[in-house]
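Please see the structure below; I have some questions.
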Amino acid sequence: MKAKVSRKAHFNAAHRLFCPDWDQARNQEVFGKCSNPNFHGHNYELIVSVTGPIDPITGFVMDLKVLKDLIQTEVEDVLDHKNLNAEIPEFATLNPTAENIAVVIWNKLRPHLQSALELEVQLYETPRNYVTFNGL
Amino acid sequence: MKAKVSRKAHFNAAHRLFCPDWDQARNQEVFGKCSNPNFHGHNYELIVSVTGPIDPITGFVMDLKVLKDLIQTEVEDVLDHKNLNAEIPEFATLNPTAENIAVVIWNKLRPHLQSALELEVQLYETPRNYVTFNGL
Amino acid sequence: MKAKVSRKAHFNAAHRLFCPDWDQARNQEVFGKCSNPNFHGHNYELIVSVTGPIDPITGFVMDLKVLKDLIQTEVEDVLDHKNLNAEIPEFATLNPTAENIAVVIWNKLRPHLQSALELEVQLYETPRNYVTFNGL
Amino acid sequence: MKAKVSRKAHFNAAHRLFCPDWDQARNQEVFGKCSNPNFHGHNYELIVSVTGPIDPITGFVMDLKVLKDLIQTEVEDVLDHKNLNAEIPEFATLNPTAENIAVVIWNKLRPHLQSALELEVQLYETPRNYVTFNGL
Amino acid sequence: MKAKVSRKAHFNAAHRLFCPDWDQARNQEVFGKCSNPNFHGHNYELIVSVTGPIDPITGFVMDLKVLKDLIQTEVEDVLDHKNLNAEIPEFATLNPTAENIAVVIWNKLRPHLQSALELEVQLYETPRNYVTFNGL
Amino acid sequence: MKAKVSRKAHFNAAHRLFCPDWDQARNQEVFGKCSNPNFHGHNYELIVSVTGPIDPITGFVMDLKVLKDLIQTEVEDVLDHKNLNAEIPEFATLNPTAENIAVVIWNKLRPHLQSALELEVQLYETPRNYVTFNGL
C-alpha cells in the first residue's frame, strides 16, 4: 500500500527574471517589471511530497520530522533571505523562474531520499501562481 | 524536463441547477434548494494548470502573464457577474453544475494553447466543493 | 474578565445592486456589472462575534454550539440559496450591498442574545471584499 | 468525459503514535513527543475525491450532497471528538499515523461507492502535514 | 505613532471540557461530546498581537523574532503535544475552554513584555471557532 | 449607522532592514539575515479598511471599486516589483520594516479619502507576521 506524504515549508528571497544570453532591452521586453535590475521578492511557499509504501510497523511512508529537517538544511538554510541571482550558484547562469527554482530544489532533495521513493516539489511564487515538478 | 504551471482566478455568477428534460417537480426533487427558480450564486475560484516542457532559454513552461490575460478574456470577461442559465449560451441546454462549468471553461481555453501543452481546470464552487477536469 | 468569541458560517445567494429610487440607467452607471438585471451571486462567509464576561463555572462567554444553531436558524436557513432581492423582504426596498446585508444579519441575531453581550458581524462578499458592523 | 469531484470535511480527535510491538522506551525514541502517553490531538481536515464519468442528464459525477452525507455517517460520526487509540477498533493494533487514518477512512467509504468510481482520500493532520491515499 | 504587530504560532493538544464542580452526567449534559472522558484534540492556531509606539530608530514596535522566541518558550514548549487537563497545572481546576486557554496564554506572556505595550491573544480552536482576549 | 469596509490587495517587493545611522556590523547584529546587503523579498498582502456612515441611498460606506482603484494607483503601481530601499524615496532614510511600510501606505491613501472616513492599514509581510496601523 502506497501513500503520498506532504510537508509545507517557506522561505523569502529576492530575484529578478533575467536571461544572461539577452541584453537588458530584450529582458525588459520579455519579462517586464519582473526584470527590474534592482530586484523584487517573494514569500515562496513550498510543498514537498514523497510517495512510497507505508511501513507496516511504523505506519509511516517517511517520518515527516525527518523530511522537515531535510527541507530545513537543504532548502531553507540555503535560500531563505537570499538574493537568488546574486548569491545562489545555480542561478548564475539559470533564470530563477518558479519552474527553475522548483527544479533546483528537487535536485537538492533527491539525493537524500531512498531511491524507491518518488519526489514531487510544488512551489508557490505568489498565492495565485505556482508550479509543480516531479523529475520527469 | 516538464513542469505544471498553475494560475488562480475567480468570478462571481448566479445559477440554478435545472435539467431542461425534467419538469420543475423532478428538478426540485433531485437538486433541492440548488434548483430555486429565483437562482442563487457563488464566488467561483478557478485554477488553470498547463503542463509542458520548460523552455531552456526563458525558464518558462508558459508565461503566466499570458495565461492570466487568456483567462481574463476567455473566462472572466464572459462569466463574471453573469447569470449562467440565462446569459451563457452553453448552459441554455446544459445543467450548470460545477462539472459542466469546468468542461465549458476547458473548451474555451483549449484552442488558445499550443497542442503540446496539457490543460487542467479546477473549479471551486464553494470552499468545500470543487471539481477537476483535464479533457479526458 | 471579558473575551470575544467568534463563529464562522457561510451561505450562498444571488443578488444585484439596485436602488429602487433610481431608474435602470442610473443604477447601471453607479453599480456597473453589479447591477446586471439577471443577477449574479456570491459565497458569503460570515463571522459572528459575541463579547462578554467569561462565566467562571463553564469557562464560556457563550456556548458556541448555541451560537452556531442560532446562526443556522436565523441566518443560514433564511438566506442560503436565495435570491436576496426577490425573496428576502428586507431587501424589497433596501439595496443588498455587503454593508446592508451585515446590518440585516445583525438585526436578526441581536434579539436572541442577552443584552449584556456585544454583537459584531463580519461579512465577506468575496475573499477580497468584506464589511464589519457592530450596531453603532 | 470524466471529472474528479472533491468534498472537504473535518473532525477533531486525540491520538498518540504507538507501536504495540515496541515498549514505551522504543516508542518514545522513534515518535518523540508524538508518543506522549497522555495523548495530544488534531483538527483533521479531510478531502474526499471521487473520479468518474459526468452523467449526461444530471451533469454530476456524483451528487456532492450524497457524498457529504456519506462522509458524515461513515467518518465524522465515527471519529469526531474521539480518542483514536482508545475508542476506534481499527487502531487497537494499528498505529494511528496520518497514513493509516487515511487508509482506514478509504476502507470505510469504498464499499458505499459504485465500483466504476475511483476514490482518493487526502488528510491534513496539521496545516503543514498531510497525506494522500487512493487505494493502490 | 502606534502600531499593532502580530505573530502567528500553533500547537497541538488534547483536552476535554469538564467542570470539576459537576458530576460526569452534568458535564455530559452541558458539554456533550466535548466532554468525552477519553479526550479529543485540536490544532490550536495562536495570534499574539502587541501594540505600542514605533521605535524611530529601528522602525519596530517590537522585534518579531523576539516575540516568536517568547511564544516558543512560554507557550509552545509548554502546551504543544500535551494533554491540557492532565498535564498543565492551570487546568487542574479550570475548564480548558478556548476562552480560558487564551487567558492562561495571556498571563504567561504578559510578564515578559514591557508595561507600556498592550497585549492581545487570539486563539483558533478550529478554523471556524476562535476567541480574542486582551486582558480587560 | 457606521460600518467598516475592507479591501485586500497585494504587491511583491525586495527590501533589507537597515538603519542608515548605524554601520553594517550594528545592522547585522540587530537585524540578522533580514539585513542581507543583497536584499530579500516578500509577497506583501495588504488590507485597507475604511470606516464611516452607510449612505442611505447607495448602501455603501464607500464604493469598493473606487477604493480598489485608489490602492492600485497610490500603492500597487508605486511599490509592486520594486526594491523598497533603492527605489522608493520614503525609504531613503527610513528603515522599511512592516510598521514603516504600513505608515507610508497610510500616508499615501489618507489625502484621497473624505475627512469623515477613518482609515486603517493592515500589512502582512509573511503569512505569520503582520502589522496594523490606523494613524493614531
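For reference, chains read A, B, C, D, E and F in written order, and residue numbers begin at 1 within each chain.
We adopt the following convention: a contact is a pair of C-beta atoms (placed from the backbone, for glycine too) under 8 Å apart; a residue touches a chain by one contact, two chains touch by 3 or more.
The structure presented is a predicted model; accordingly, all values stated were derived computationally and were not measured.
Hopping across touching chains, the smallest step count from chain C to chain D is 2. Ranked by distance of CA centroids from chain A, the top chain is C.
More than half of the residue-numbered contact pairs at B-D reappear in one of the options A-F, C-F or D-E, namely C-F. The distance from the centre of chain A to the centre of chain B, with each centre set as the mean of the Cα atoms, comes to 29 Å.
Centre-to-centre separation between chain A and chain C, using Cα means, comes to 41 Å. Here the CA centre of chain B is 34 Å from the CA centre of chain F. Among the residues of chain A, those touching two or more other chains are numbered 127.
Chain pairs that touch one another: A-B, A-D, A-F, B-C, B-D, C-E, C-F, D-E, E-F. Put simply, chain F touches chain E in their complex at residues 17, 19, 21, 30, 32, 94-100, 102-103, 127-133, 136.
The residues of chain A lying in touch with chain D in their complex are 1-9, 49, 54, 57-61, 64-65. For chain C in complex with chain B, the residues that touch the partner chain are 10, 12-15, 33-34, 36, 38-43, 45, 80-83, 86-87, 126-127.
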